[in-house]
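If you scroll down you'll find the structure; I have some questions about it.
First chain written, first letter: the chains are A, B and C, and each begins at residue 1.
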Amino acid sequence: METIKRRYVIPGDVITTGPYRPEQNVYQDGDRIISTSIGISEIYDNAVRVIPLSGMYMPKNNDLVIGKVVGHSSLSWEFDINSCFVGFLPAQDVFGRDYSPTKDELKARLDKGDLVVARIANFDRSRDPLLTIQDRDLGKIESGELIKIAPSKVPRLIGKRGSMIQTIELATKAMITIGQNGWIVVSCEDPVGLLKAIEAVKMVDAQAHTPNLTERVKSMLGVELGENNDTINE
Amino acid sequence: MGGSVIIEQLKRERILELLNQGQRLDGRGLYDQRSLSVETGVIPKADGSARVRLGDTEIVTGVKIQPDKPFPDLGDKGILICTAEILPLADPSAEPGPPNEEVIELARVVDRGIRETEMLDLKQLVLIKDKTVIGIFVDCSVINAAGNLFDACSYASVAALLSCMVPKYEIKEELPVLVEGKKSKPPIKTIPVSVTMARIGDHIVVDPTADEQACMDARITITSNSDGNICALQKGGSDGFTVEQLIKCSEIALSVGTKIRKQLAQLM
Amino acid sequence: MTQLMNENGIRCDGRKIDQLRNISLKVGILKNADGSAYIEFGKNKILAGVFGPRDVHPKHMADQDTGILRCRYHMSPFSVTERKNPAPSRREIEISKVIKEALQPAVILKDFPRTVTDVFVEVLQADGGSRCAALDAASVALADAGIPMRDLVAACAAGKVANQIVLDVNDEEDKEGQADMPVAYMPNHGKITLMQLDGILTPTEYKTCLETAIGGCKQVYEIQKKALMEKYFENGGQQ
C-alpha cells in the first residue's frame, strides 16, 4: 500500500504541485493544490484532500464519543471515532490488569462493526487517543441506529443545556446518545418515534446554522407551542 | 440575550423540575453567583478600565475623563455618564445597528445604578462653577453574552471607576489645561453593588444564566450601597412578584452584595 | 511636536525604519462566536468575532448563488484619546467596507447560498494601523470558524516619516508624518486586496512604500500562521 503523505495545513498552504486530483477542502490553482481549511492534508493515490480540523472532531479528554470497532490486536481494539486519529481501547480496560486475553477473547467481546459508547480517557496530540468504557453508562451499544452528523453540529443537537435533544426525546420517546464526535445513536421502542427522532437529528445537522430551528423541529415532530410534550405519544 | 419562546417552555419544565429539588442546571445553589473575575487597567490609554467575567459573560469597560460643560441647573457638579453596548460578536442573536429596547434598558439601568447611587462625589469634579466641569464617561462593551449582563456591566463599571485616575486640569484664561503627570484618585463615596435575581415559578435564583433568563417569569435587579441601603432597583420581565418575594429579594441582594463589595473594594 | 526620527534613524518609539511593532495574536477566545481572535498590534487591542455561515436578515440581502460576507468595524468609546460616541461614524463605515472587500477574495462562500458570514471587529484600544490589525485578526477568526478560504489575508501599513519610507506607522507617525499606506495581501497568491493612501509620494516612493508594506504583511502572515497552529496543532509543527 502506498504511504500517505500527511501535513498540517492552514488555508492557503500549497500542499503539492503536479497532476493530482483535488478532493475535499482543497482547490487547484494552476498546478498547485491548495488547502481551504485548517486541517491535515493527505496525498494518496493521485488525489489530495484535507481533513478539516476546525469543522471536524478533535478528541478531548473526557469527551463522550461513539466509536466503531475497525480492528483489534491482542492488546487493544481500534476504533473509528470520526477523527483524523484512531481511538484505542486497551484490552485491560475491559479484562482488568491481571488477565491477558487472547485475540479470540477480544473478538468475542467486541468485534468489527460493533458500536460502543466510550469516553476519551487520555489524549494529547503526540499520540492517538485512548478510550475507556469502564463507567456504568459506557460500553457496547446493543440496539439503535447510528446517525452521523458534523461534529460542529453536535452542540446544536444538544441545544443549550440539552434543550434540543430533549425536545426530540420527549416528543418521540426515543433515547438518543450523542457522541461529541458527531456520531449519534437513536433507539426507540416505537418505530414511528424512531423515525421521527432520526429525522429530527438529521434536520439539526442540515440546518444547524439557522435560527428558530427548534420551532421547525418541534413543528416537524408535531409538537405545538405551549403543549405539554409528555402527552404527544398518548 | 433572548432564546426563543419554544425553548422557554421546554426549559421551564426541566429547570423547574430541578428547582423543585433545590437545584440548578449548572449545579449552583439558588443564591449562588457564578465565578466572578475582575481585572483592571486592561486599556492603558483610557483613564480607567476593567475586564469582568461572570461565568461566561464577559465585559470590557473603559473610563474616559475630559473637561465638559455641566448640565443646566447642575453647575456645581461634574458629569458622570454610563453606557452599555452588546457587541454583535457577543452573541449570535446580537445584531449590529441602533440599540434595541433591551440594550437601552441595560444601559440606563447600569447608568442609574452608578450615578444615582452617588458612587462619586460629583461636587469635587468642578473646575469653574456653571461653566467647566470634569466629565466622566463609563462605557461597557459586552463581548460575550451568557446571561445577567446587568450585574456584569455594573461590576465592570464599578471596578473601572474604583481603579481609575482623574487627570488634573488647571484653569488658564478661563479654559481648562491638562497638567501632565498629575493624577488623583476619584472621589468615591460608596460602592454600589447590583444583584440580579430571576423568578422562575415560585423560585428565586441569583445571577441567572442565559437559559434561566429565557424561562424566567420576571427579573429584578437590586443595587445596594456601602451603608447597607438600597439605592437602585429595576424590575423586568413580563410577569410579576409578590410582596414577600420582593422583600426576600432585597435580603438576598444585601447579603450577596456584601460579598461582592469586599471583592471590589480591593481594587481601590 | 514630537521628533519622529533621530539622527540614527531611530523612530519616536525606538524602532528602526523597517521594524514592526510587537504583535501578539490569540485564536478562539470568544465562547459564543463561531470563530474569533484577539490581537495586540503595538498598542492596538482588537477583538474579531465571526458568525456563520448563517441566515441573512433582511432576506432581500441574500444571494441565491453564494453566501455573502458582511463586516462591521467598530471602535469602543474608550478606545481613542477623546471619548468617541458609540454610534458608527463615517470613518468606521468606510473601514468596514474596505475590510470586507479585503476579505472577500479570500473566502469561498459558494457552497453556502442564501447565507451570510458576519465578521465583527471591535477596537478596544487604537494606536495607528488599526484597520490592518483588525484585518489580521478577522482573517484568522474566519479560519477559526471553519470558513473555507483560498488564503489568509495579512495586512500591514507602510508610510513616509521624516522623508523616509518606514514600515508599520504608529499613531504619532500617522498624525504627524507625511504618508500612510495600509495594504492587505494574500501571501500565497501575491494578491493585494486592500490599499489606501493618505499623503503624497513620488512614483519611486510609491513603489518602495508598497514593497515595504508587503514585506510587513509577510511577517504578519507568519504570526497568523503560528497563532492558528498554536490553537489547532499544539506542538505547532509538522506531523
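Rule of thumb we're sticking to: a residue touches a chain if its C-beta (ideal position, glycine included) is under 8 Å from a C-beta of that chain, and two chains touch if they have at least 3 such contacts.
On a predicted model such as this, the values are computed, not experimentally measured, just so you know.
K.L.:
If each protein chain is taken as a node and each touching pair as an edge, is the resulting graph a line, ring, star, complete or other?
P.N.:
complete
K.L.:
Looking at C-alpha means, what's the farthest chain from chain A?
P.N.:
B
K.L.:
Please state whether A-B or B-C has more C-beta contact pairs across its interface.
P.N.:
Between A-B and B-C, the larger count of C-beta pairs in contact belongs to B-C.
K.L.:
I'd like to verify one number: the distance from the centre of chain A to the centre of chain C, where each centre is the average of its C-alpha atoms, in whole angstrom.
P.N.:
Roughly 36 Å separates the two chain centres.
K.L.:
Hey, how far is the Cα centre of chain A from the one of chain B, in Å?
P.N.:
Computed value for the inter-centroid distance: 42 Å.
K.L.:
Return the distance between the CA-based centres of chain B and chain C, expressed in whole Å.
P.N.:
Result: the chain centres lie 32 Å from each other.
K.L.:
I need the residues of chain A touching at least two other chains; which ones are they?
P.N.:
211
K.L.:
Which residues of chain B are in contact with two or more other chains?
P.N.:
92 - these are the residues of chain B that touch more than one other chain.
K.L.:
Indicate the residues of chain C shared as contacts by at least two other chains.
P.N.:
54
K.L.:
Mind listing the chain A positions that touch chain B in their complex?
P.N.:
Within the complex, chain A contacts chain B at residues 159-163, 166-167, 170, 211-212, 214-215, 218, 225-226, 229.
K.L.:
In the complex of these two chains, what residues of chain C are touching chain A?
P.N.:
Of all residues in chain C, those touching chain A are 35, 52-55, 106, 108, 115, 143-146, 148-152, 186-189, 225, 228-229, 232-235, 237-239.
K.L.:
So in the complex, the part of chain B that touches chain C is made up of which residues?
P.N.:
On the chain B side, the touching residues are 42-46, 49, 56, 58, 60-64, 66, 83, 85, 87-92, 95-96, 98, 137, 139, 141, 143-146.
K.L.:
Can you list the residues on chain B that touch chain A in the complex?
P.N.:
Where chain B meets chain A, its residues are 3-7, 9-11, 13-14, 25, 92-93, 210-211, 214.
K.L.:
Can you list the residues on chain A that touch chain C in the complex?
P.N.:
Answer in residue numbers: 6-8, 10-14, 25, 27, 29, 34, 36-38, 40, 52-55, 58, 124-126, 152, 209-211.
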